[in-house]
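Labels run A, B, C and D following the written order; every chain starts at residue 1.
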Amino acid sequence: MEPVLGAAEVEAYLDEVFPQVRGRFRILELGEMRLSCEMAVTDADLRPGGTVSGPAMFTAADCAFYMLTLAMIGREALTVTTGATINFMRKPRPGPIRAEARLLKLGRSLSVGDVLLYSDGVAAPVAQASLTYSIPPKRGQGG
Amino acid sequence: MEPVLGAAEVEAYLDEVFPQVRGRFRILELGEMRLSCEMAVTDADLRPGGTVSGPAMFTAADCAFYMLTLAMIGREALTVTTGATINFMRKPRPGPIRAEARLLKLGRSLSVGDVLLYSDGVAAPVAQASLTYSIPPKRGQGG
Amino acid sequence: MEPVLGAAEVEAYLDEVFPQVRGRFRILELGEMRLSCEMAVTDADLRPGGTVSGPAMFTAADCAFYMLTLAMIGREALTVTTGATINFMRKPRPGPIRAEARLLKLGRSLSVGDVLLYSDGVAAPVAQASLTYSIPPKRGQGG
Amino acid sequence: MEPVLGAAEVEAYLDEVFPQVRGRFRILELGEMRLSCEMAVTDADLRPGGTVSGPAMFTAADCAFYMLTLAMIGREALTVTTGATINFMRKPRPGPIRAEARLLKLGRSLSVGDVLLYSDGVAAPVAQASLTYSIPPKRGQGG
């Protein structure tokens, strides 16, 4: 099942529904059930000691998985995160975060997947997240 | 076991180690293994449609549990979040988020607890989170 | 919102849908959105060194929350666990496990809650779990 | 970093520390930071309706990751699960469960990884889990 939206369309839609991250996400690759993107960090994402904050890492994982889900199902604005687990494994450098997202299940009402986060200069993933989204029922269809 | 830091000391320490949230957290209650606080929201925390974003909710839960852990153990700057799970249950109103944190385990190297998040005008909790922190070994002691 | 099933009815229904735990669960208290129960352990639940295994603790949390959800909504056999997070905090004694479950959200299609697990002789909770269930649509209603 | 134990050694060690699963796990592949194994199911693992129970799936994920961690670090009996998140995505068939485990971080005191679970006759993974283990300090070394 190929994506129904292209990279530029998905980036534009993210900017529209989450204006606070406008211009910060750039999709590197988009394929069937997989997406790779990069999030630029701002001062607001950094913590003293030269690292990226937990909430910023959460934003990277959540937005990457959101873009992947939307790419696969189209512009469903009412798609929302219902749950997320994130494990912080290594200290990231104070720079862009790369997110590698996998869609593991794309159901009628829930999508489930995971994301590995990477930081330039750190070879191994800095964090791992799993996410579950609620997908709204399609107009004209029950349940 | 009573807290070793008072509310004002904890708020000041949070501002120092996480300047991006300076002035946004106010502790309402602090007791043995429990803390209640309120996080003011800014435009950056909101999403179109009149709600608070997932990353902002994550910030509220993480900072609340961080302040509780620090209140119990003192100013250990190297205390970091190792893992977090958050379940988003109800749509919050676009206003302050109240966090009720419980410390369930305070060990030598890990602390574990949970947080319920509330939104003014919504009676039931809008989100539930569980968090695990790594606590650095004390100076002068092994492991 | 009071439970629609009583303790004996819920225990009987659990035995019917999960015969492998027949007779091992005893409800101690059942109220609005809360349930307390005890799970007897068998040799199959123990690990050398005198403790209860992780999978057995998972069973205790999952069955407690299942019984609470069913008590609130009735005998919906297609109610299934969609996700669970469990934090193991203290080593339990090799004996019965008590589970204290809270229903935090009872929606049309998802229920979310948490469970604290206790072991006789250990004052503080030995584990904390959060669970999400999918509730089937009611017959005759869309979505 | 290659494993320090071979497949047969790891299987034997699992049988020793968790006798309740004796003979049920068979390692299919073992490599650097990766392990694939199969868990045979017994009647105790099944639920009416022809499926494998949640606790049995949890056992599969937990034992797979335990064997992978032990293969990488050696026979550290005090290695214990501190946390686990599992997402149940598809209904498994009532037969063997295959687990594909990845070690994402192998630290001095914590290991973190994930596991995808598969069921014969179901092409996509039936569940995804992330796990965190506490690794005991090595004898003779501090913390």
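Going forward, a residue touches a chain if its C-beta (ideal position, glycine included) is under 8 Å from a C-beta of that chain, and two chains touch if they have at least 3 such contacts.
The structure presented is a predicted model; accordingly, all values stated were derived computationally and were not measured.
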item: Path length in steps (a step moves to a chain that is touched) from subunit A to subunit D; value: 1
item: Pair joined by the larger number of C-beta contacts - C-D, A-C; value: C-D
item: From subunit C, the most remote chain by mean C-alpha position; value: A
item: Distance between chain centroids, defined by C-alpha means - subunit A, subunit C (Å); value: 32
item: Inter-chain centre distance, subunit C versus subunit D - centres from mean C-alpha coordinates, in Å; value: 23
item: Residues of subunit C engaged with two or more neighbouring chains; value: 82-83, 85, 87, 132
item: Contact set on subunit C toward subunit B in their complex; value: 85, 87, 89-90, 104-105, 107, 112, 114, 116, 124-125, 128, 130, 132
item: Residue ranges of subunit A in contact with subunit C within the complex; value: 82-83, 85, 109-110, 132, 134, 137, 142-143
item: Residues of subunit B touching subunit A in the complex; value: 16-20, 43-48, 53-56, 58-59, 62, 80-88
